[in-house]
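Here's a structure for you.
For reference, chains read A, B, C and D in written order, and residue numbers begin at 1 within each chain.
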Amino acid sequence: MLSIAVIGAGRIGNIHARNIAAHAGARLAGVADVDMGAAERLAAACDVPALSLEAAFAADAVLIGSPTPTHVDFIERAAAAGRAIFCEKPIDLAAPRVRACLDAVKRAGVVLMVGFNRRFDPHFATLKRRLDGGEIGALELLTIISRDPSPPPPSYVVTSGGLFRDMMIHDLDMARFLLDEEPVEVQAAASCLVDQFIAAAGDVDTAVVTLRTAGGKLCQISNSRRATYGYDQRIEAHGAKGLLRAGNVTPTTVELATGAGFVTDPVLPFFLERYAAAYRAELDAFITAVESRKPAKPDGEDGLKALLLADAATESAASGRAVTVALDSVAKE
Amino acid sequence: MLSIAVIGAGRIGNIHARNIAAHAGARLAGVADVDMGAAERLAAACDVPALSLEAAFAADAVLIGSPTPTHVDFIERAAAAGRAIFCEKPIDLAAPRVRACLDAVKRAGVVLMVGFNRRFDPHFATLKRRLDGGEIGALELLTIISRDPSPPPPSYVVTSGGLFRDMMIHDLDMARFLLDEEPVEVQAAASCLVDQFIAAAGDVDTAVVTLRTAGGKLCQISNSRRATYGYDQRIEAHGAKGLLRAGNVTPTTVELATGAGFVTDPVLPFFLERYAAAYRAELDAFITAVESRKPAKPDGEDGLKALLLADAATESAASGRAVTVALDSVAKE
Amino acid sequence: MLSIAVIGAGRIGNIHARNIAAHAGARLAGVADVDMGAAERLAAACDVPALSLEAAFAADAVLIGSPTPTHVDFIERAAAAGRAIFCEKPIDLAAPRVRACLDAVKRAGVVLMVGFNRRFDPHFATLKRRLDGGEIGALELLTIISRDPSPPPPSYVVTSGGLFRDMMIHDLDMARFLLDEEPVEVQAAASCLVDQFIAAAGDVDTAVVTLRTAGGKLCQISNSRRATYGYDQRIEAHGAKGLLRAGNVTPTTVELATGAGFVTDPVLPFFLERYAAAYRAELDAFITAVESRKPAKPDGEDGLKALLLADAATESAASGRAVTVALDSVAKE
Amino acid sequence: MLSIAVIGAGRIGNIHARNIAAHAGARLAGVADVDMGAAERLAAACDVPALSLEAAFAADAVLIGSPTPTHVDFIERAAAAGRAIFCEKPIDLAAPRVRACLDAVKRAGVVLMVGFNRRFDPHFATLKRRLDGGEIGALELLTIISRDPSPPPPSYVVTSGGLFRDMMIHDLDMARFLLDEEPVEVQAAASCLVDQFIAAAGDVDTAVVTLRTAGGKLCQISNSRRATYGYDQRIEAHGAKGLLRAGNVTPTTVELATGAGFVTDPVLPFFLERYAAAYRAELDAFITAVESRKPAKPDGEDGLKALLLADAATESAASGRAVTVALDSVAKE
């Protein structure tokens, strides 16, 4: 049975470690973290040992959930050790650094899967499957709405790489996943409307992007760092034969009717709840890929391309010009 | 063009008079009422003369919207004068009196249509059409929910004939309309939960009925004299191949989302709003029937049968026993 | 940690065994079944030993998921051994036998919880909590719709005790749970419309019931053994201040729009999917009750009362008369 | 009573002429059209005389529903005659020509209202009222989706001025109406995906626009010339305290459930159905403004500003650059 070590005992490491521990097809080798106390607490909760980094890289596979700046080093170490790798997004905030890292992975010939978990959300995955099944004919207009319930803490904002690389990168990957054709042009507009500390940190909290593919498909993305009604996650695909959409998820179906109207639940609060099934499904996909020696998707190239789109959006928001991107050539470099 | 005189200048006479005045295929001859002031006000609003009762019966057709106790006399007078008749429900609260009246109509050979307006509601009429079109196969279970926003004034309750004859009679007609098979058995249970003056008047305000047809189809009806969220009017038909339902109607599609959830409008407040289109459509049907010399539906027999079901429900609620009814033989009497 | 042995390795035993195995607060002692092969297969899947019945009664608690005719014997054996007991519904199809069994449990002073799992469904449990919180004031009208996707096999129907005791018993328990006042009168009507083998077995497949409490609250229940659109499970509570309802659950939020309209998913197929969370939550409640030495709910008395209502409905459907029940005195007997 | 002459007996003239004829507070003076046959047919249907253009300008007010190229001449003639003017959008396709026309109106001191009918749609008007009422706090992100059921005929496309000036101009006006702050920057992207004759005519059929206000509010608009599921008209406003949205409208509430899922109606087919109430309400507003000698809204300046935004979008779609607009200075020129 595949043994997987988790590196990083924070919020996301917690999700993954518990999912591996509960998975019938894999074994949690242990948990490593530069904060040994955190590693020990999570390890104890999963009934496995806390590991040194050395020991972590001795497992069949590593799941990297540590802070972003550590990702490329850990990926390269794992690649050198010949381990299968699952890394949380983003691989790195600097595209050249990502390219170098992907080269190392390629040379090592190991599996690298990147944690764009939303591809595995049952609602979005079903939408993708039905889109591919031709239910709406050719896709023409894609709308992605993604709004966090509330802004992250100032400390996080400062090192996040900015809204486009930190938050919208998920939507940019989802756009590529659904458009089935690389975007060639990126237009962005952004503001700071939610909290002034975000502007002070040189970032934005409200942003929209338009993507255009070579074939003329258009995609609109809308992000906000605040949504009072929960974690707003919606996708709508408009095609020649109809429209397919996946909506928000609520905790219950309970509805109250009074003179004030009909009231249903707010949507699930944040990603832990909304994407609980997605995290399990992406782990499944990783284990299946490693066991079957098939390529894992989304892979490092997907990680790089989403980052390049985020870079282009960042540039467009600053310059007010559409930015041209050439993702088709990324794979060939 | 068909001239129609309206008898009764109250709330329901108002609706009908204005609809006739605006109808391209008929002419409002005038308005009559024992309260000449009321007749004059409504007539003025419609730009037609107030009429004496004599004059009203000189029009091609009469629309009777006066208080229930006056219905049979007016029907019989109109029949004797050879006029086409549209009468608001119920024809009368006493079945024998209704039978006598229907005999007079039959002898006169005039058209009599009864105002079960809900058959003409676009939502329910569409449900009926699709049911007849076989979309759910054989109907097996019918659910009718009908709840008024608030109880009528005590003065109304006292002369209403009771909830079953006054309010549920609409649902009993709708059940017959949709079941397409006469009920043979009626079970009822009722309470006074909304307002004690209703109990004091010997009536109930909360009531449920089960109908069973000879073929075994079952129908559940639920009535309340109070619904804080508006005039609740829903129908659900469950058949061998699926379910068809028609829901409530709201003034707008506007929805508000906050931390308290997603809030849509309460439903339309009462019958004037909910059944505005139905009143126009039933008038259309009446005019078409008279002009084309075809039978009008729902007719006097429908009015009688709904009353017999209401009588049976009243009896069952009192006795706790299922009451057998033989509506198939009504037409033959 | 509480050790629980599962008796019965069929469909329901499977659910419970796996839930116990995955529960952090209990230990699956093993699985027993008169069919040792079945016991061994389920035990192996859960990585525990197959047990003899003797060994099963040595665990701290037993979960009885064997066929209904064996329930009372197993309950009495477990009670004699001083074990905490979770028994699937119904305890038995004969009320006198249930009473005798409950006496034995009482004398032994052990915990007995009955598997009315729907009380633990997150949607219905939330509705109950909000109802108790006063959101709609006094409850006046309760509507319960419960329809299976398709009829059970003939072999099952023959020994099921009939629709009221086998299927509607869940709704009768739910009615008691929500009404918060015992029903005093039961009216039922039933037909065989889905499949004639059910009539041949002396049973019905389409049935409606009206319950009335001493305080005049009314409840309508509607059952069918067939629903083409999935496992239809809905509750609607109408009160003085508004309406609370819990609707069906669908696998995804995906919606397709074409010229044919807007299409959403059919509802979850059957109880395994719809009540997956409910099965886990009722196990939680059982473990908590046993560990904390508090009474478990729903208990044996709840099981008996739901059966008495099912008996009354069976009688009413046959006789066409409302049947009076005196559940308040059950506890005192 | 205000007499209004309708100029233009086409599709839109038809709507307005019938609404004026049915309006209690105005009188339809007659109908004029260069095609006298068309004028006579519509006039006959409304029971009024067909008019020469001279006679039309003798009424108290004129409603101009003739082809776009005739608008400015008719407006200027009406202004010279001192008549109140209601003109369908757009005033003209060339901004300088519009400016000159508005100057003439200003000098004449007459009322000019422009037919941005969607401001009067009960759903959108309610959304606006509630937005102004502060229900979601400060508006931050606005999403407008507007899709025609099918492309117009080639002959129409050629003279339409292009998608942005012909179709999106409605959404650009709606954006201004809701943002309550002038857009300062326009980004557009567009494709021809629906029908190649549109590309051959130098136009696009699928387009998205981003607007940005000085205060940083962002608005996304999405247009397509094809929607298989009806005339898609939706607005969503995201603010600091929540989200307000107005959805599509369907002919009935009827829903069918089968193994294929739950199916509701497609949305209303096109603007005649969807905006029937809006056309009546804008007429009401025009009559009220003229009678009360108050300014009419939306006025000529609104017409010009929407056109300037459409011009900017056309330019941005061609150049790939954000285009800056200075609408605040328009009023002062």
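Rule of thumb we're sticking to: contacts are C-beta pairs under 8 Å (C-beta built on N, C-alpha and C of every residue); 3 or more make two chains touch, one makes a residue touch a chain.
Here the structure is a predicted model, which means the values were calculated and not measured.
Relative to chain D, the chain whose mean Cα position lies farthest away is C. Pairs A-C and A-D differ in how many C-beta pairs touch across them, and the larger number is found at A-D.
Chain geometry summary: the mean Cα position of chain C and that of chain D are 58 Å apart. Between chain A and chain D the centroid-to-centroid distance comes to 41 Å (mean Cα coordinates, whole Å). Contacts with at least two other chains are made by residues 228-229, 241-243, 257-259 of chain D.
Only residues 22, 122-123, 126-127, 130, 135-136, 241-249, 251-259 of chain C touch chain A when the two sit together in their complex. Considering their complex, residues 138, 140-141, 143, 145, 147, 185, 187, 189-194, 206-208, 210, 212, 216-218, 220, 222, 224, 226-229, 232, 238, 240-243, 320-322 of chain D touch chain A.
Residues 228-229, 257-266 of chain A are the ones touching chain B in the complex.
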